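Here come two complexes built around chain A, the first alongside chain B, the second alongside chain C.
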Partner chain A sequence: MRICSLAELARGEALRFDGVSPPIAVFHTEDGQVFAIDDTCTHQDASLADGWVEGCEVECPLHASRFDLRTGAVDAPPAKRGVRSHSVTLQDGEIHVTLSEDVPALPPGVSY
Partner chain B sequence: MIIEQLESPLPGSLLRTLPGSAYTDPEVFAQEQEKIFEQMWFCAVRSSDVAKPGAFKTIQVGREAIIVSRNRKGEARAFFNVCRHRGMQVCQGENAEGQRTFQCGYHAWTYDLDGKLIAAPNLTKMPDIDRDDYGLRQVAVREWLGYVWVCVAENPPSFEDTVLTEVVDRLGTVSNLDHYAVDTLAVGKRIVYDVKSNWKLIVENFMECYHCATIHPELTEVLPEFADGLAAQVFVNHGAAFGEDIKGFTVDGSEGFDLLPGVTADQARKYYAITIKPQVFINMVPDHIIFHRMYPISADRTIVECDWLYAPSVVESGADLTASVELFHRVNSQDFEACEQTQPSMSSRLYRDGGVLVPAEHHISGFHEWHQSMLAK
Partner chain C sequence: MRLAQRRMIGSITIVGASLAGHASAKALRAQGFTGTITLIGGEAHQPYDRPPLSKGFLSGALAQADLALEADAEDLGINWLLGSAATHLDAVTHTVTLSGGHQVTSDAIVIATGSRARTLGSVPSGASAGASAGASDLAGLHTLRNLEDAIALRSELIPGARLVIVGSGFIGLEVASTAVELGVDALVLGSDRAPLARLFGERVAATVTRLHERHGVRLRNGVRVTAVLGPHRVTGVQLDSGEVVPADLVLLAIGSEPNVEWLADSGLAIAGGVVCDERGNTSAARIVAVGDCAAWFDPVRARAHRIEHWTDSRDRAAIAVTSLLEQPHPARPERPSYLWSDQCDARIQFAGRLLGDEEATVEVGDAVEVDEASEFGAAAEVAESAGTVRPIELLVVYRRAGECVAVLGINQPSLIAKWRKRLTLAATDFSPSPVRESSTLQGVLPT
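Showing the complex of A and B:
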């Protein structure tokens, strides 16, 4: 699944892609790596694409749980469950994502 | 209501001041907040006090609570400290560092360092909320002289036509101030004075030197011409010369520090002063700058924050600044004590129509006319 061209996503930036359900977040880190995880924090409905990225982690903008961009694992409450991570490939300068087939972990009351 | 008296000057040497009520009436103070402090450029914080991305300081400008901060790119920013959701003050406390966002403590509406609304519980379910429209409301900012200046007015006046013009009126050109490279200096000492007096008494005090020989013995020793009562602020680009046996601008006339690099030969042994209305005083001497910011709190209380600014090498060296700082700290203490001892009389029946200005103080009536014109707007 094509997301966008790499040139459209500057280093340090992230985007929320809602062409899939649940939406995913794609990150281009400062050191040039590209990752994709589910966009919705597992604690409360917040977009991780709006979070603060440092190294290979994104901090949820609402309550500061951190998710590993490589694995989706969460470091500390209030979020208790990780998000899914999706595999990313770059082809001719285009970002492509293959969605995980795991069941997404969504916060209470959120469904897609 | 205030200054009919100005239109009928006393015969001879004397001009009227503002009436006593201008210094005591909460209604006048409220008008000043609205028509002066919320309309003009206001010198808010030293840039180094919000040095890094995510640092902030909260201040009061007129009636408004303001956040002064730095974004991820290191640019100064200022915002109304009002959550766009239900209004709670977003930033609590006087200052902090290393913020990644500004998050309201009530419902967790979360703004990035440029003020944009980036998160809130269930925000993704409300796609019609424009994240810029509901971002923290920005306040105009300008960094100059190593300070962040803000203007909370809806249509800020030109910085050049207001702030810089005050410098030109006093010094002839802005370059006469640029020589001191104030933005490159480091804060060697800061003293915060809580003055129980109206802010205008402090401005008037700073503008004249008729009092100098009486209450500032140390300053008059260093700057003998102050004994004649004429302030450095009466003329254009007039520096008050150091006395012959004075080695530096210190409490005992002892040696100061090396001249600031850009200071000219003409500025090398002189003191200059500028008032930038409504709340800044800048004192320039060859080896440092004394920079006052006033924060009016009420009709009878003003916080004055005074920075002594030196070449960074002087501050880094750990040099003893005591004799240097002590001179103007004494001047400040002497001045603010005089203002505090004047304030109670402002509500006296004897001062209902105000006091008088002698010729050495006549230029203060220009300040009064400015005050009257601002309140009449």
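Showing the complex of A and C:
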């Protein structure tokens, strides 16, 4: 699944891709790596694409839960469950994502 | 002391099993510490998250299990000593005495004993004349700090009950918001000229007022409560004017006090919290402090300053632990202090440091004219007459000498996220004073 071209996503930037359900977030880190995880925080409804990226970690913009961009695992509470991570490939300068087949962990009261 | 300094750290006792204590244990393992970790907690519970106690847990939307701070399947290999508070610290031998008399000796200590809710009796002004004030056994009189407090308060939040909340800070406002949703008649009595005005200025206060009035919370500003009236069950509160405000239950939400009394004869420097340098080191070797009980040196204020924000308690744990293990601190910019408050279906977020002399600029928000006389009352009516309830939005940027130093947003999570990054980058110009550099990792047990 094509997301966008790498040139459209500057280093340090992230985008929310809602062409899938639930939406995913694609991150281009400062050191040039690209990661894709579910966009919705597992604690409460918030878009991780709005979050704060430091190294390979994103911090939720609302309650500051942290997730590992590589695995989706929770690094810091209040979230207790990780998000799904999706595999990313770069082809001819285009970002492609293959969705995880795991069941997404959505926060209470949120469904897609 | 020199010899003690060189001995490797094989065991660490963390005193306090809430956010800062738990985060310290996580940080110790994340930073490679493989020795013994003993975690002492005054409460009988595993570490739990307190912010929902005034919101989702109080409303009943969240259960106790939802509050756990430990991630699913987390196992840090901790020796838990829960349910007995620390009563004494020997800062030389690193021995902690518990309320039952049990003692724990280790190579190093993390102090994370947090804070407790203030009561009227502990307000320095001493305005609480009257036998009933501060009597914690008065039925219907509540504070909110721990799980049991929340359970007790929740049991009385029944439709139609008259709840008087003393204090218009975050906790008071959050409880008011939750209580109204449960059908409770909530009245907030604040000493400030408007809720949060002293902290964040008039525009924020006006918007917060609007949020609450629209939500059905009643607010009275500029009043001082001198007593809670009893004698067996609360009947109301008395104001300094002599006026009696009737109540079925009363919540005192008038701030917190650090839990540092147990350290009084430890020899540690205490001044409104455990005095620390800007990386959590206390005045004693191999003892760090973090969280609400700690007052870290703030280079901008040029003095020790106690921060009670959730994120600081969590994130400073990693810094304190790095100090304790005598590992080099990573060279990265200081993140601005950050807090959030969810109330009246709105998300309030703040990042930065305010000293009180900043210039506040509204960058996003309704063009409500600031009219000193009618501002607060009129704003709510404007919202009502509009017919449709549109989300209230606000972004205020605070500048000192033209420099952005803080930002507050209401329902602006994306912008706040961007501003937090900007504030961090701005802070890189500022370099904290050097802290002693450890040349080796000799302080860490290798296996």
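Methods note: the second predicted complex is superposed on the first by the 112 of 112 C-alpha atoms of A that agree within 3 Å, B and C clash if a C-alpha of one lies under 4 Å from a C-alpha of the other, contacts with A are read in each partner's own complex, and residues count from 1 in each chain.
Rule of thumb we're sticking to: contacts are C-beta pairs under 8 Å (C-beta built on N, C-alpha and C of every residue); 3 or more make two chains touch, one makes a residue touch a chain.
Keep in mind it's a predicted model, so treat the numbers as computed, not measured.
When the two complexes are overlaid on chain A, chain B and chain C occupy overlapping space and clash.
Of the two partner chains, chain B and chain C are each touched by A:Leu62. In the superposition on chain A, contact is made by A:Pro108 with chain C only, not with chain B. Of the two partner chains placed by the overlay, only chain C lies in contact with A:Ala76; chain B stays clear of it. Contacts of A:Thr40 after superposition on the shared chain: chain B is touched, whereas chain C is not. Once chain A of one complex is fitted onto chain A of the other, the partner contacts of A:Trp52 extend to both chain B and chain C. When both complexes are overlaid on chain A, the residue A:Ser100 reaches neither chain B nor chain C. Two complexes overlaid on chain A leave one chain C stretch from 19-27, 163-171, 361-369 or 379-387 clashing with chain B, and it is 361-369. Common to the chain B and chain C contact sets on chain A are residues 46-47, 50-52, 61-63. By the touch rule above, chain C contacts chain A in their complex via residues 19, 23, 26, 49, 51, 61-62, 68-72, 310-311, 314, 332, 338, 340, 347, 349, 413-414, 416-417, 420-421. Against chain A, the residues of chain B that register as touching in their complex are 100-101, 103, 108, 110, 112, 118-125.
Those residues of chain A that touch chain B in the shared complex are 16, 23, 40, 44-47, 50-52, 59-63.
On the side of chain A, the complex with chain C involves touching residues 46-47, 50-52, 54, 61-64, 74, 76-81, 108.
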